[in-house]
Amino acid sequence: MSKRRSDWQTRPQARIRKWFQQGFTALDDEIINQISQQTIQQPEVSQMMEAQREAMDTRRYERSLALERLERHELQAWVRTRGRKAIGRVYVALALAMAVLMIFFLLETVAHMPRFGDPNAPVTNEVTERYITRGVEETGAVNIVAGMILDYRAFDTLGESTVLFIAASAVLILLRIDRRKDGTPVQELIAAESDDRHYEPRADRILQGSVMVLTPIILLFGIYIILNGHLSPGGGFSGGAIISAGLILYLDAFGFDKAGRFFTYKTFAWVSFFSLSFYALAKAYSFYMGANGLPSGIPLGTPGAILSGGLIMPLNIAVGMVVSCTMYIFYALFRKGGL
Amino acid sequence: MQLLYENLEQTVAVILFGIGFTILLLQRNLIRKIIGLNIMDTAIYLFLASMGYISGRKAPIVVDGVTEVSAYINPIPAGLVLTGIVVSVSFTGILLALTVRLYRRYNTLDIDVIALLAKGEDA
Amino acid sequence: MSLVHNFPFFSILLCMVAGIFSSMLKKEAAKWVTLSVSLGVLVLSAFTLHLTLGLDDNYPFMMGHVPAPWGNEIRIGRLEALMATGVSAVLFLSLIAGFYHAPAFVSEQKTNLYCIMVDLALAAVLVLIYTNDLFTVYVFIEIMTIASCALVVVRQNGHTLVAITRYMIMHLFGSGLLLLGIAMLYGITGHLLMEPLGIAVRQLVLTGQYNGPLTVVIALITAGLAIKSAMFPFHGWAPDTYAFAPPLSSAILSGIISKAYIFVMIKFFYRVVGMELIISQQVHQFLFICGVAGMIIASVLAISQRDIRRMIAYSSVAQIGYVYMGLGMGNTAGVEAAVFQMLVHATVKSVLFLSTYELINVSGDRKRFRYLHGAGYRNVPAGIVFTFAAMSMVGIPFTGGFIVKLNLAISGMAFGGWVRALVLIALAMSTLLNAVYFLHTVVSIYRRPTQELVYPAVDPMPRYAAAAMLASLLLIVYLGVGSEPILQVIETGLKTFS
Amino acid sequence: MSFVHIILLGMLIVCALAVSLTRHLLTSLIVYMAYSLIMAVIWMLMESPDLAITEAAVGAGITSILFFVTLKKIRAIREEGSHEQAEK
């Protein structure tokens, strides 16, 4: 009885040490206890004794737990004060040494990489050549980068849009405050809304006035960039980001009540659903046709015209919609956990 | 040194990578850690983008129907970096969301303190 | 090209489209969609496996209109098809066995988001198994990282939040290294697809050009993938994440997702750099040492845990050590054993996490060992399944774990000197340590409680969940008894892999 | 390699160091924003306008907005906490 109840409650190190010293059975003195209890089968008295012993054991266990907690507390206190400094210093030194070592190795590597701006570097090979010389006739896009990411290597770009979608879903999991089943808001949501009203600017005249001028221009510029993705620099990602910046600006100036008139959670869900499924299915069609050696049957148009590049412009629009919705919903979720 | 100077872009990229890495390891503040991650990522993108540059050539947007290799720089790294930028902004969003949640729970941004507090919740 | 040739592509597409559709579905519908998607992928992969068994070589599938060095492609061989089949089978069984306790950790309005994560995680795993392009690997690894983050964080308590923050920081650092490696490799070869890359790398080795950068590239990519798959010294994020995540998520994370990283690594070794270069650069020895160290040290750490889930999480790190030991031997037999271990571990670990949840659940949601006494009687199927899975972990004959250990020992015997000694000692030590902690757990779940603890009444687990667990059990036994044809597939698959 | 180019690259390093050395979070965020913009200019000089426009919109724009809204949220939470303490 002088032993503690079970070794599984002691500290791990002690347990391992004990195991080394006394073998496996030492860990299980509980079994022995139990068997010895079973062999002395005397009703009543032994039961009472057992109950007493149980109570004592439990108390002892509680105490051992409390002790352990105290021990941990002391350790924490030590860690917080002197230990933290010591460990911290060692850690800083190690991390710095590692970083310096890594930079050194990488610099050594860089010194042996192909020269910057060298026209004969290994990256200029038959792949680049085909993209540049035949890119326009094969994809119909004047902007070779757009043709490359949306036609030759479209699978990566599909993955990239999926990254955005899944990131938006993950942030929804993390930050969205759900309503109850009957649609009434929970306490947390009410608090978040009142917070938001408290900390955000209220109907600032100057801000609203300048936003009224700026937002249409920003949106227009974003749309221009998306629609000209196959003709000039830009495309779905940058254009979508610009549009979302315009929307966020509007939201900041006018608050959720006004912005909610044209952009709710449903808008987000439907828009990203439609654009992503359009994207995935369009690309699936073109992959399937390409892999099976069938003609895709999509006209490429005259290179340089706005209606050219086959699927590239619709895909850019889809990507732009996904990006702008995702970024806007990020912002809204950060501000008050929902739209 | 001469070699490093010729590859200055890549040299700077590698140094930035190291700085970002150090911020990631040493800063205990979560938001600074996230900035460190972003610096690390952009450093890699700079590295990748510098690979495609060829001196004296233009951006890969076909002008006047000129489709000769000697006219344009390599379009591939640009496409890859484009993908990478979007990936890293998604990560930033998720990590910041995590930060907000952690702060709401523990009222601190220091990751070590947060870990200690989380352990203390058990006892 | 017949219709069956398209099936791998269809399975990837099915997962992605199902993920996108799930965002609009209600809770129950999303669950059904996810279940049927995993079943569909299982069927499609089985057909693909059947097809590839009849082919001599792997075949490419263009993702677009232009062929290999220009366009993107996936490449399907029997090894890939085998992995896809195994992964989807494990996922299907885990979903049946684990989906019913989703309400315990996911709020109702977020169940469809959880389903999105499962779908897209499966899509990413499939892409990583099939793909032939290094940059696609990077993009889909990021999808997988986000998906696993969200899978863990649906249960929002302090532990998961802290664990997942650590996880994200480690994983993003790993992806950074991976991307830097890919960028450098692209810089010295000018290719991203694996086949042309392989040719270019061999050319570089022959001419002796850019040899320094090549070594750094191999180191960076290996380190990045090793961090992400919880190889021993980089395992810091793993135990907390696996232990505090919801049980279904732990099963998916440690059973399926961590395998995809290792599969990519094998693909990188075989298809891109070639095993000869790996051996001449001594990378395999590093993996070997880490694997052996992981097998032993993680097992010791597992013994010292008080929480049963953390114990299983540490044993997961130890099991990854087996894979790396096999990979680090550098001979075909070793890699074969490693691939087989991936299949076995996927099956065993997912069912272990799920049955542990059942045992904890009938013990009043308490995780310490002393409360688990008698849990095996309170939930009989879970107890049986846990016992058998633990036996496979220890390596009792007629289970998958035995075949793994046997194969690892045999491939270790091919070496002389310290490698052979180390392999045998590590296997013996690890088996012993596994026996200590798993058999102790089994004993404790079948021991009568010493003190009358009040266990709250819980709903018994549904019949179908028990059936799914028993089916996984059969799978484990099948891997132990009928392993010959599977090993044959792996052997011939590895030959056509490069 | 032009003179401007070298100065810009040097400023990148200075900004990256400043992020970790400044005392206030807000300052380091603004420095990070400057870092992104410099990166965009460098990419412009490297003849990659696609990258430049994306980095300016996504890196300097959206990422910074997300950082700022996080900081604001955190300050709101903190003030709320101190408010409650004061009431007690």
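Per-chain numbering from 1; labels A, B, C and D assigned in written order.
Note that in this section a contact is a pair of C-beta atoms (placed from the backbone, for glycine too) under 8 Å apart; a residue touches a chain by one contact, two chains touch by 3 or more.
Since the structure is predicted, the reported quantities are computational estimates derived from the model, not experimental observations.
Asker: More C-beta contacts across A-B or across B-D?
Answerer: Ranking A-B and B-D by C-beta contacts puts A-B first.
Asker: Centroid of chain A to centroid of chain B, CA atoms only: how many Å?
Answerer: About 15 Å separates the centre of chain A from that of chain B.
Asker: Between chain B and chain D, what is the gap in Å from one C-alpha centre to the other?
Answerer: 12
Asker: Could you state the distance in Å from the CA-based centre of chain B to that of chain C?
Answerer: Roughly 28 Å separates the two chain centres.
Asker: Go ahead and note the Å separation of the Cα centroids belonging to chain A and chain D.
Answerer: 19
Asker: I need the residues of chain C touching at least two other chains; which ones are they?
Answerer: Counting only residues that touch two or more other chains, chain C contributes 135, 139, 142, 146, 149, 153, 156, 180, 184, 186-187.
Asker: Where in chain A do residues touch two or more other chains at once?
Answerer: Where chain A meets two or more other chains at a single residue, that happens at 106, 109, 112-114, 121, 123-124, 127-128, 131, 143, 145, 153, 156, 159-160, 163, 166-167, 170, 174, 233, 235, 237, 330, 334.
Asker: In chain D, what residues contact two or more other chains?
Answerer: Chain D, residues with two or more chain partners: 49-50, 54, 58, 62, 66, 70, 73.
Asker: Pairwise, which chains touch?
Answerer: Pairs flagged as touching, ordered by label: A-B, A-C, A-D, B-C, B-D.
Asker: Quick check on the complex: what are the chain D residues that touch chain B?
Answerer: So the residues of chain D touching chain B come out as 1, 5-6, 9, 12-13, 16-17, 19-20, 25, 28-29, 32, 35-36, 39, 42-43, 46-51, 54-55, 58-59, 62-63, 66-67, 70-71, 73-74, 77-78, 81.
Asker: So in the complex, which bits of chain B are touching chain A?
Answerer: Within the complex, chain B contacts chain A at residues 3-4, 6-11, 14-15, 17-19, 21-22, 25-26, 50-57, 59-62, 65, 67-72, 74-80, 82-83, 85-87, 90-91, 93-94, 96-98, 100-101, 112, 116, 120, 123.
Asker: Looking at the complex, which residues from chain B come into contact with chain D?
Answerer: 8-9, 12, 15-16, 19-20, 22-23, 26-27, 29, 31-32, 34-36, 38-39, 42, 45-46, 49-50, 52-53, 57-59, 61, 73, 77-78, 81-82, 85-86, 89, 92-93, 96, 99-100, 103-104, 107, 109
Asker: Please output the residues of chain D touching chain A within their complex, sorted ascending.
Answerer: 49-50, 52-54, 56-58, 61-62, 65-66, 69-70, 72-73, 75-76, 80
Asker: Enumerate the contact residues on chain A facing chain D in the complex.
Answerer: Touch residues, chain A against chain D: 143, 145-146, 195, 198-199, 225, 233-235, 237-239, 241-242, 244-245, 248, 327, 330-331, 334-335.
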